[in-house]
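Below is one structure, written out as structure tokens, with a few remarks after it.
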């Protein structure tokens, strides 16, 4: 194992358990209630939280609010330009899948019963993609959500305290048999196993999704990946709190 | 804990670690190369594997084959009839998400390099839904795939041996604080945590997806869920092999 | 003509005026109010009737109910797999045409004024196609409709007696100059003339559609086709009544 | 019966076996190879036949041509304006159904093997609708087709003689128990039975579609309707030939 | 310049400042409140104005009416047949662009505050295209609008006098360095600059759109083009008034 | 008039002939060949130019290249969040209209015959909208285009010198009877007349679009608006050149 440690090198020189440099910029744009630019290395996602009066039909007269999310890549975000989904007239399965994941993850960070019958729309638009866009999106969206909740409270719309403690997300994966944290595109595309972990500040899982893209994985490898993910999420939560000044 | 054990009862009287009754019927229809009806209790899914010459553009001239999957619910499969996606003109995110999961899972059961430049289309159409449709679909689709590969080989289209050992899938979840195996709709809709586990015969994970729908979960609960899922998958793989007579 | 009779042989050995074996299975699935599997030889269609409170806008406040129908082929129902319409984003003209035919035919079997402001949704999903899918669908859907009406009445939702006597449907055609009943795919695809006849128990036509696919036809041939169709429909209505135990 | 004859009156004063006034204007527009305005009373349809080199994939290398048709209503053609299908993003089932009927009917008037690998596109756009739009469309489209074939022949594109003798179409129906020819909207919308008959010059049927919209019909009524339809089609074919000067 | 004048010749022999022959036919069809066939040379557009009770959501309870417009080309209107937008499932950008232009232009001819909460739908369907379809459409639609407003007033639906003085539209362009009025397709497709001008009877601009398709243009050329456009619009307004008998 | 001058004040304190502060940031993202963030006051648009081998069908074998453009607003760019077009399944007319305008404008800045058979895709995604998004997009896209052409040349793909001198765009309008330059949203939404002017470095027009949204305008007002637009465009071209260091 030691030999392996010494010879294994990540393309960007990071240690296997090291996050890329993380930047969270609040107030990135001014129209939405919350607007954040989050950067995990070269991955850059604009995350906004917009507030709308009323709730979808299935929540009407429940006294509760709702939170929903949409994820999208700008066409020139990737190395090769990708066709714009609005022009194709169809949203890709991958986009739907990630939008749903972000929605579930952020609903774990909000107490809908404290929100009143309001809807929060999270939008995560990837300006530049270099792996980990969904985990960056979740991490940044929490901060946008926190800002939006403050706006709601300051407007007197929200009676209670809907914001729950932070939720953050990170990817881990198995590269050449080594467990690595926070994969950039180059690693992600050749990883044997790719896992996204969404965690609360209390260290509990909101969601885990692990996929053996080019192989399968056992309980032991799963354990190692979760250890790394936990470390990564704790650091990301610290960054979220620093950004929020709490 | 003992007290809890004695009072906890599943609506259908099963033990917490017990699968619903599983039935796998080969040759359910006769046009596709493989056609299977799989039943997990009241959940019934028709799984077919159709073979097509040629591969999608991104695989052309690779010498390899491809496998893709589509999942759909018949409109009257659920308790309340749901609008037909073809009439709405849009496929729902949930449908895309499950189609992609089935595709990834089944690709773990086939060696594409042994398939020649052929494409296998997996179709999983839910005739009756009572929870666990995606796990039933994956489990049944493996058997349809095995039959389709036999057809390909008997036609002399496939030079190698593309079929890999079985892959099966099962759901586990946390209901009222108890870890339960193979959730029907009634349990699934109120589970605190819901997890789908796809496993190989060797006991390795192909994919795990765990979601805290109404809460989060720790490492210990994760471990318990995986234990149960592993037991369930082993039994499902036995059922697959029995159905295939291997 | 006699010589012709002695030499003409249908691929499946039937007499020209003979139906394929017909099977009608009630209670095929359990969620919809009525659920029937109908088989005309190798053609198998799942027909369901689901009940919904309320009526479409154009029937609102009319005091009457409504019945509508949707037909679809599963992608692997045919010899060569066909693309799924939901994924193409468009419903084919053929599908629309058949859905509309089924709706008109079944509305002839229900007294909408006795239904209250309820809607019955008929879904006919072809599991396996071997010609005559629309006629099998209509024949099976009547039985599903009858079961759904019973459910409505037992729930006390329906004041009157909306179910009218049976309606059944069969195809006839001209093959090599011979009039034949109930065409399988092999005959249907090479028939000179193809006709679908929908008839009531009283022997009246609800709809007739005759098409000279590869030629035209005169009054005499029409008469012969209708004679055969009438014979076929009478037998199908007997099968419907036997299935319903009336 | 005599009493009935004396009291029954059609809103426009026609005899029951009388066509509305028919007008066929060739060269209505100048870009397509054939362009005809056909009028059945107040129903006005612009029918064009455009020629395109090549054939659809399923006809390629067959040495044969193809003919396809599209029908559409302008939004203001009907009494109440109807939403434009292009703006709704969906073509209605009725539109598909009629387009397919026109295509089948006109293919009965052309010998595809004499056409070379060329495609004729028939477009029937309803400028004003007052019942019988599909029968007017078929009747007018034959004339446009004849003109287009002449153009093809004069350009030397077509080796043989693809044009077959005329095909015309008319509606008949049962109104208040009386069989009537060529129904305007007012009659069509309250007819007990509505039938469209497409016939060749030789008096053979290309297609018949009879629907008991508000009731059913027996063999005798069918016979009466076909008698009237045959009379109508003969007169329409005379009009087609007069328009074409043959 | 004189030499140029003597040698420059338009394909149809017109002077550079001369409109094509203009024909405006009222009552072209009878179902819509206003229906006009407008012809600018070979360009022929059917313009209708249909009246609907109520207004779109954004105008509700404003006490004002609304006017909206849709433009479309019949598939065989152009020299080469173009695919029908309803069948493609998508409306082209050009179609949207022109529909919006027509709507804006006609709203300049109606006082919405005098209309009551009614909506006027303008439909402009091009039967034959030879350049200038959008300007012909606007010019004809004003006449259809005038007729529709008369219908509204005669029905007593409209309290005030919503119709404003005429608005007309014409194209001008730079062809081989010469400013020309009312371009047919042949000129339009090779013009260096193409400009559409919409003008009121008072000689004020409602909209001007000038595009350097194959080059750019200066203030002087702009002035010349506007001079010609003004002349053209004045003549078109005279034609509108003559058609309306005012 | 003098009195008016002294009392008229723009909400942001600018002189009527003054641009908002303009910022052009090159290299805003790193994947596309050219990537620029352009800011006109609070309006912020990300403009990218991506290069693709090959040209669309209508340009194939012409030896020339092509340039096309797509414009889109992020959902949270506006004051009230707008639904995402990809999720609606339809692109709005306004989006199409602006995409086409950007494409035409940028094609005036590139000599397609010098580009080889390559396609440049311009994407303009509005991150924050405060009026003038289309003019900012065109102005920024020229800079992205210039960078992309440099990349092409450095890769040796382009034989000639396709980049033409700068093209810039600005809006002008009539607010309370005063001609103003570069309208923010607040002015744009209540302007009597709104005009977009696209101009070359030589002071020639590429496109002008003037619309009397709430009124019409005469030749004199047009002249004043063009004077202001010319001043604005000259300043924007200076900013483009400064950004490019030329």
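Just so it is clear, A, B, C, D, E and F label the chains in written order, and each chain counts residues from 1 on its own.
In this text, contacts are C-beta pairs under 8 Å (C-beta built on N, C-alpha and C of every residue); 3 or more make two chains touch, one makes a residue touch a chain.
What you see is a predicted model; the values in this text were computed from it and never measured.
Asker: Which chains contact both chain B and chain D?
Answerer: Chains touching both chain B and chain D: C.
Asker: Name, by label, each chain that touches both members of the pair chain A and chain E.
Answerer: The shared contacts of chain A and chain E, listed by label, come to F.
Asker: Of the pairs E-F, A-F or A-B, which has an interface that repeats that of B-C (more than half of the contact pairs shared)?
Answerer: A-F
Asker: Would you kindly give the rotation angle relating chain A to chain C, two copies of one sequence, based on a CA superposition and rounded to a multiple of 5 degrees?
Answerer: 120
Asker: Per the centroid of Cα atoms for each chain, what is the distance between chain D and chain F, given in Å?
Answerer: About 51 Å, centre to centre.
Asker: Centroid of chain B to centroid of chain E, CA atoms only: how many Å?
Answerer: So the centre of chain B lies 59 Å away from the centre of chain E.
Asker: Roughly how many whole angstrom separate the Cα centroids of chain D and chain E?
Answerer: So the centre of chain D lies 33 Å away from the centre of chain E.
Asker: At least two partner chains per residue is the criterion; list those residues in chain B.
Answerer: 89-90, in rising order.
Asker: Since the chains close into one ring, what order do they take if you set off from chain B toward chain C?
Answerer: The cyclic sequence of chains is B, C, D, E, F, A, beginning at chain B and stepping to chain C.
Asker: Residues of chain F touching chain E in their complex?
Answerer: 92-94, 96-97, 99-100, 104, 108, 200, 202-213, 216-219, 222, 226
Asker: In their complex, what parts of chain A are in touch with chain F?
Answerer: Contacts found on chain A: 29-32, 35, 42, 44, 46, 48, 50, 52, 70, 72, 74-79, 81, 84-87, 89-91, 95, 121, 123, 125, 127-129.
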